[in-house]
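The structure is given below, and queries will be raised subsequently.
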Amino acid sequence: MNFASDNVAGASAQVLEAIVAANAGAAKSYGVDDFTARAEQRLQEIFETDLAMFTVATGTAANALALSALTPPWGAVLSHGMAHIANDECGAPEFFAGGVKMLALGGHGAKPLAADLAAFFDAHQFRPVHQVQPSVLSVSQATECGLVYRPDEIAALAAAAKARGLRMHMDGARFANALVAQEASPAALTWRAGIDVLSFGATKNGCLAGEAVIFFDKALAADFAYRRKRAGQLLSKGRLFGAQLEAYLRDDHWLGLARHANAMAKRLADGLVAAGGRLVWAVEANEVFPILPRQTCDRLAAAGATFYPRSTEVVPASATIGRDEMMVRMVTSFATTPDEVARAIAIAGNKPTP
Amino acid sequence: MNFASDNVAGASAQVLEAIVAANAGAAKSYGVDDFTARAEQRLQEIFETDLAMFTVATGTAANALALSALTPPWGAVLSHGMAHIANDECGAPEFFAGGVKMLALGGHGAKPLAADLAAFFDAHQFRPVHQVQPSVLSVSQATECGLVYRPDEIAALAAAAKARGLRMHMDGARFANALVAQEASPAALTWRAGIDVLSFGATKNGCLAGEAVIFFDKALAADFAYRRKRAGQLLSKGRLFGAQLEAYLRDDHWLGLARHANAMAKRLADGLVAAGGRLVWAVEANEVFPILPRQTCDRLAAAGATFYPRSTEVVPASATIGRDEMMVRMVTSFATTPDEVARAIAIAGNKPTP
Amino acid sequence: MNFASDNVAGASAQVLEAIVAANAGAAKSYGVDDFTARAEQRLQEIFETDLAMFTVATGTAANALALSALTPPWGAVLSHGMAHIANDECGAPEFFAGGVKMLALGGHGAKPLAADLAAFFDAHQFRPVHQVQPSVLSVSQATECGLVYRPDEIAALAAAAKARGLRMHMDGARFANALVAQEASPAALTWRAGIDVLSFGATKNGCLAGEAVIFFDKALAADFAYRRKRAGQLLSKGRLFGAQLEAYLRDDHWLGLARHANAMAKRLADGLVAAGGRLVWAVEANEVFPILPRQTCDRLAAAGATFYPRSTEVVPASATIGRDEMMVRMVTSFATTPDEVARAIAIAGNKPTP
Amino acid sequence: MNFASDNVAGASAQVLEAIVAANAGAAKSYGVDDFTARAEQRLQEIFETDLAMFTVATGTAANALALSALTPPWGAVLSHGMAHIANDECGAPEFFAGGVKMLALGGHGAKPLAADLAAFFDAHQFRPVHQVQPSVLSVSQATECGLVYRPDEIAALAAAAKARGLRMHMDGARFANALVAQEASPAALTWRAGIDVLSFGATKNGCLAGEAVIFFDKALAADFAYRRKRAGQLLSKGRLFGAQLEAYLRDDHWLGLARHANAMAKRLADGLVAAGGRLVWAVEANEVFPILPRQTCDRLAAAGATFYPRSTEVVPASATIGRDEMMVRMVTSFATTPDEVARAIAIAGNKPTP
């Protein structure tokens, strides 16, 4: 019953086998191996467009390097204040982008919409020369609260952003989970809606380390090979990343993994609600944010379930949390088993575990 | 009737004469001239302590370089969100401090107190490694709203900050105005209250370019000469800055200039209130923030008065601004004449100008 | 016959099996997994001292982050001009260390000795404030020319460097090859000789991605966790790196791999010399730099051997290269087979291949 | 007899008077004052072209900011190894240009010519991605050895540089001295010869602080206002710099000052040679580098003359320096008097001083 994060599991069997298979023999080094080339080609098919892909070691690197390609140092990166780039990367975007400023948008469930962007610009002035100039808008798909952008939401937000001269970045650490949560194509959720650069995360959904920066506008990628090398993110034995991504994308493997994770989250959420919990945000991808009695949390923990309390600072005003309650985050992944979920629900409901 | 800023005037006569006098003959270059040495010595007397002073060309440079000496790049600089460092320096602190993050405190009148700092830490988590770690608290004396810190307020704030491991910086762009606004010594307002580094501004109050970074803890200044040189802030003919500061500090000249500016602000404020205006914040130093009928503003402008409308984003909730009103900022300086003030008041009151 | 680099092979069987084995089940994320902990512990045993180890994705990251922990931005990093940090990392050290300056030492075979350091300081002035101040000396073990430092050479160099206030960094991309090339302990080659920080490379010698920064003086590592996270080098599924390093170090596996690579290099070198080639530098580790007739190179290439011509700029004056000759670099690795070597020698000697 | 530097004097009378005159009344702040506008206009006339001028506080700032506008961080700035940007600015270019690498060209008298650039590229490889890519060539006018570029020399060098994709920067700390040393127009020495950006220095030749970055290609200046502000180089009371530059350029004042300085240098050089000294480099501008008997140096110093010994590292091989000799640098300026020169010559010749 490990719901602490979707990065506590290893790789899927298919991805692991690909690492083993790719290990044999000689391969070109420094990112020009065939595995990586095939992964890029597969992404072009999946996203139905030409694109440039660069593998990197972590999601933080993907985000920070991507942003650095989209803004001058005197720009400003707009995102929700809870976004991973703003809050959980120890200032990596500021470092890679030469001291850029991060500014916070509002938005229910850490999901800024066009109206939130308008409100932001109503409330802020950006005088030339004396103040930094907004240059990029970054959205998280899914958001830190587990919500999912639909294509029309992204398109409206991107249109408003581009009218202000902003470029669009998407942190897709959970892109697969967001994708399978709806009837929408990868293209519709990204470049067709106005996304310029995507941090394509595969680690949480079945790789050991599979992160890529995808440029839909290849002109923006002109210097990116230099940025990556200079950041120490160009693997000498690049097959390690290339093989994982190739296997991850083959035969819709990635979609199957994400569907499983999302289904487990839904099942877990339904069970917790049935057992008396309340959901702070809708469960749209693979994260569940329930308010539970403290006794329930204690029972779960005593039974070995792992999960984190969630800081109450981020709770919407509508979600009152009682003195005997707490809000927690529970994350499912491709590796979460129905049995784990069933046991957690039984314990929450104070019933015999299966 | 130029109330646009306290940087639209030149230097005071005494300061200007010092530039002329210092121009003659040879002087050592690169900051080791006698003028600069005497200015530093005078500051040691004024602040009643040993200290290290470094002249720089602008207040932005003073602030950004000072902060860079107080924080690692993965630190965070806390200040009010309206502070000059946060809002009006085009990201200079982020640049000089290697991509440091700026975080915003609340506080009435852009003046965070100990309770505001406590509220900030109640609302934010700073997990090791994954998040930046608060490292510096910067206060503005006077604040962007023209308010003044008293020694006990700084001491309480600094004590709370230091309990959290923060260092204390003071942006003293209007330090003289804040000083003469109260019965307090320079020492009481700075190092005795816990300030580690002061941006000592003299440009607004009577110099053409007179800014200095003052380290009360000289250990913090160990590398500062390198920071300044590397930033292109070490003047070859350093007498230009040194002579101004020496003259500025001689015979309490700086205090007289500030007293005049503050008195003009007070007189202007009283007159505008008598003429029907309302003050958004108390006038404690040399800035006046009145809410005026638009007609009044138009009359003043038509008569040649210069001042800026103030963004309503920063108005406290208590200060409702009518549809026919606007909030403006009017700044007085050592060069503001009683006549200018009298004329502005007369025009505001719709009376014959003197 | 792939002699292009020691990064064209995958991982050794033992290392690959460790990845597979480590993949199962849940593990703590972000570098605090048991695999990484055990690898660090093993290093403490191997180096016979307490130490702090941080895994990163690439050798460039290891070097650049290590250097950033050893120098202020106004310092200077000294190394041979051919060193990887100076010449092959696209300015990563400059980036990570806030714009530090790299200065070039001389030294036969890219191996600066104490006399080279003395010559450097005889020829350069470093005036305070106006010039950067040398802060770190970095040595490569083995060097870019395949030479190996002995403990007494490092100790003499480090003593001279420390007398000048420099810290010592070792780029150990081929540390294992340098170690097994002589009768010396890991401790004798590093901290006992004065090395403060080691970039411990395992990728070239048997991992897919196995690089670590090792601090022998743990005080220097105080902030390193922040540097690594901020650089996007902290893997969420850290077991990937930890498991490789653990397997690499187990049962002297790494030493066996390196001995094989070195033996293959020696055999290749001897064979090429017998076939009429001349060695530019002694073959001490796993790199061979022969001057060969162009016809020989052509025959080797035609037979499928891969290797790179070496820029003649780096050839010592003593090694005259004829018009019909060229200098090449041939690298062996743990994966190089005796058969490959035998074939290359036969082709070079214009004899039937085995 | 102060020959230590051309920055030990104050401002010329005309420049000083301009500061005094400009001090009166209100002026627009932050660089949009009329003084600055007129100085820019005058430069457009002098250089016979449209251009964008930005005042800054120091030559180091001018150089480093200019370079930062011409190169990405993974570029490389080429200059002579003795150039001020490479050797005397404490790494400011590296800092402002995001960690750019500085690479050293050869060249007699610190004056690289087209052949030196060709030799540099013959000796260095710049492999894509793995190595930084040369982006800017910076020349000093006059050079650190007091030599002067002629228009055809710059044009040939710039043509070779541009064929390699480099941009051209000129450090004109002594531009006036170099200009009046020959029959050439400001345009011929700069943009007509291929210079893109000029650091126009006026401080050494008659201002207290008068430095400007001049963009002949205004497209390159698009973001420069942000760079300057963010660097803390945008003076609030910009008239201080603007007025000096305006006066400096009025009625060919700057040319007269430079002619005087150069004439004094020539006279000093001739006298020292007559007294037995030997010149290391031709005296083309306002710097004299004689080899003198140590006794002569001692007599001069005893008489109060100031000058610096010059590191022998920079002496060309042709200039042997005897055991009883030393090489010194003597700099003249607009403020050097014929009397000073005459006395120095007399003392050097061991004759009665006038």
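Should a chain be cited, it is by its letter among A, B, C and D, assigned in written order, with residues numbered from 1 in that chain.
By our rule, a contact is a pair of C-beta atoms (placed from the backbone, for glycine too) under 8 Å apart; a residue touches a chain by one contact, two chains touch by 3 or more.
As the structure is a prediction and not an experimental result, all values here were calculated from the model.
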**Asked** So which chain is farthest from chain C, going by the mean of the CA atoms in each chain?
**Response** B
**Request:** Could you let me know which interface, B-C or A-B, is made of more C-beta pairs in contact?
**Result:** A-B
**Message:** Taking the mean of the C-alpha atoms as each chain's centre, how many Å separate chain B from chain C?
**Reply:** 52
**Prompt:** Whole-Å distance, chain A centre to chain C centre, using C-alpha means?
**Reply:** 35
**Request:** For chain A and chain B, let me know how many angstrom lie between their CA-based centres, rounded off.
**Result:** 42
**Request:** Indicate the residues of chain A shared as contacts by at least two other chains.
**Result:** 30, 73-74, 89-91, 95-96, 98, 129-130, 226, 229-230, 234
**Fill in**
Per the touch rule above, chain D residues touching chain A in the complex are 30, 72-74, 98, 128-130, 133, 223, 225-227, 229-230, 234
**Prompt:** Inside the complex, what are the residues of chain A that reach chain C?
**Reply:** 2, 5, 7-11, 16, 19-20, 22-30, 56-62, 64-65, 89-92, 95-96, 203-204, 208-209, 226, 229-237, 239-240, 335
**Asked** Of all residues in chain A, which touch chain B in the complex?
**Response** 73-74, 87-91, 94-102, 123-125, 129-132, 311, 313
